[in-house]
Amino acid sequence: MGELGNVSSIRTAMEKNQYLLKSQYALNIVEAKCKIIDEEMRMKYGREITRSITQRIKTPESIYAKLVRKNLQTDFKTACDKLNDLLGVRVVCLFVDDVYELAKLLKQQKDVKIIKEKDYIAAPKKNGYMSLHLIIEIPIYFDENCEKKRVEIQIRTATMDCWSVLDYQLCYKKNMADTAGIMEKLKRHSDTIAAIDREMLTIRNEIEKI
Amino acid sequence: MGELGNVSSIRTAMEKNQYLLKSQYALNIVEAKCKIIDEEMRMKYGREITRSITQRIKTPESIYAKLVRKNLQTDFKTACDKLNDLLGVRVVCLFVDDVYELAKLLKQQKDVKIIKEKDYIAAPKKNGYMSLHLIIEIPIYFDENCEKKRVEIQIRTATMDCWSVLDYQLCYKKNMADTAGIMEKLKRHSDTIAAIDREMLTIRNEIEKI
Amino acid sequence: MGELGNVSSIRTAMEKNQYLLKSQYALNIVEAKCKIIDEEMRMKYGREITRSITQRIKTPESIYAKLVRKNLQTDFKTACDKLNDLLGVRVVCLFVDDVYELAKLLKQQKDVKIIKEKDYIAAPKKNGYMSLHLIIEIPIYFDENCEKKRVEIQIRTATMDCWSVLDYQLCYKKNMADTAGIMEKLKRHSDTIAAIDREMLTIRNEIEKI
Amino acid sequence: MGELGNVSSIRTAMEKNQYLLKSQYALNIVEAKCKIIDEEMRMKYGREITRSITQRIKTPESIYAKLVRKNLQTDFKTACDKLNDLLGVRVVCLFVDDVYELAKLLKQQKDVKIIKEKDYIAAPKKNGYMSLHLIIEIPIYFDENCEKKRVEIQIRTATMDCWSVLDYQLCYKKNMADTAGIMEKLKRHSDTIAAIDREMLTIRNEIEKI
């Protein structure tokens, strides 16, 4: 056995039982919900709310790596039971107050069950990561059955989204001894980003008062 | 008042209350359901099932014309109450038996309520029109509410679909006196089409026996 | 070595030098050309011209199988030199006269070079296959360079397109001894299809005269 | 005459001669070029280059407003002659050095003719607006003819892109007396944004050195 064997057995499992098609279906529903809220808020405030709404199904490689990192058994069944982010939707807003209003409107919907909520904007991760995370569950109807599908929704501002690109690059560096200095910079950069977002909000509010 | 006034007041009504966005959402769900069934059947039989799955929201012009034809009041509220085909999905299959199996699998789904079913394949319309029509209702969740959305699903073979193009062209001709002869031909053409579809099925069944 | 080895070395070669992205680019240009002609003709005749325009990049499996069938060396370089259908666009028209007019308008374009033309409608293949095939070459600009890309365009009616599905199914049957009877039926079915298309045309012309 | 009359006569002119379809074609080619460069750079540097590539055809309303602002005659012919941004592609990069490299690779392409280049990053507009603008011309082949199509390409970082949203909001405020204070803040905010982009670059370069 070995890494490749496991990645490829996860891939094989994902190709069965219409996993991909059903996941796509669930993601499309969540994306549609976000778009409807986006339009609702756009009408209400007369300005742009989101910059992009994207979706992804976690790849076999990425599932395998996460299972290893979490010391879990490296099979797809375990992934389905234990990982909350197999299906993900990312919403990038322009202003930080919109992040919270969009989340609130999503949580109100009757077929959306909130499994977990983490506010990494109010309390950023140690490395500086900021984002609002919702793990939700929605019912999806196929055949005669109804399946519950869990989806992780990350809502953040465009500037937070820029920061996360640097963090992602750093993740792929092995030589951890050398990264301490950079991690410190990245953390401070995250504080600057938060300040930028507050400034954006202040200016926007002043413009709206004119 | 007059025709234009009414068409444009229907258009205005359609632009309110996120009618278009919510309708799009409902159509996407129905289209996704059809695609999942398509894949299921493709796996089961090892061959192509549908040639295309398309959707449309009825235009204000077309709504107005239908209300007039049916002697109904020409406003959008009446259209929503009385017309079943404001939202439509068309599924074009290759073989006539697949039309029925696809419909059966759709009807089994727990969130799909069948409002009406018309089998214009077993009993074509007088002019020769063939198609299986399902009017369904599905629940769509927005905000804190759940709306029922009615969708007309037309399922037919690719050859029936070709026939309907001629019929559609004829509809737009006013001079009805001259159309009698053509209507007769169109009706006979529809019989030939039905024969073609039976032949398609026979040959396919023989191929599958090899 | 062996079949899998070759398929996978073809796949590897296809992932290099931006083959897929550049091929996509070429296909999009050809598809756009077809759509513009479609609209032009739709305006001119006031009716629908095409039912669908699709594109595909030939898969490694399919390339390998064709090279074997043609007794050629089974590597990607040979495929690029000898096969004309690595990139394909299929245009499905409703009426057979539109097939020819669309082809004519495509051939007139200054950046389209015709490499080969085969009229399998006037002279169907032995098995009954009908379609108009154009092999064209168009210049695609990347970097500082210009590459010539060959694309096979198949133009046919929707009824011919239905026939080809049966033929495709038959292709995958190995037991050729048993297929003789069916091939005969398929050939006769192709004649019926041609008759249907002529009838479509006749009725359409009569409708247009009203 | 009057505003509405002119907007609608511009709209009518845009619906003729396949202006929309041909413009779409030109935009798709430019977008494809940007995507190929994006992939090329992504391979070379092993990291994400662009965050989004979008396109738009200027609306009749927006064309009319711009003609008025520039004191030009308000018809579509004048717009085609005098305005360079009827067709626009916007490329949002993550890092400011990528903005310049992407532009360089685009300018090298043999079928791209550079009409004008404005570097509003090196020298921001008075209000703080930052972006690299290229006006290019590409040949598009239709029928027997070849048309030159002008496209404005705006290349900027994601943070610059955020800034522009505020600026856009301010544009729609009439009461200019009150905007002076805000414009000052917006200008300073633009300086902060430029500093953020430099910091992003510094951190990225340090990460890449590990």
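Note that the chains take the letters A, B, C and D in the order they are written out, and that residue 1 is the start of every chain.
Everything that follows uses one rule, which is that contacts are C-beta pairs under 8 Å (C-beta built on N, C-alpha and C of every residue); 3 or more make two chains touch, one makes a residue touch a chain.
What you are looking at is a predicted structure, and each value in this text was computed from that prediction instead of being measured.
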item: Centroid comparison with chain B (C-alpha atoms), farthest chain; value: D
item: For chain B paired with chain C, centre-to-centre distance based on mean C-alpha positions, whole Å; value: 29
item: Whole-Å separation of chain centres (CA-atom averages), chain B against chain D; value: 42
item: Chain A and chain B, separation of their C-alpha mean positions in angstrom; value: 37
item: Contacts with 2+ other chains: residues of chain D; value: none
item: Overall pattern in which the protein chains touch one another (line/ring/star/complete/other); value: ring
item: Full enumeration of touching chain pairs; value: A-B, A-D, B-C, C-D
item: Chain D residues touching chain A - in the complex, by the definition given at the top; value: 47-48, 51-52, 94, 157-159, 161-162, 165-166, 169-170, 173, 175, 178-179, 181-182, 185-186, 189, 192-193, 196, 199-200, 202-204, 206-208, 210
item: Residues on chain D engaged by chain C in the complex (per definition of touch); value: 18, 21-22, 24-25, 28-29, 32-33, 35-36, 39-40, 105, 108-112, 141-146
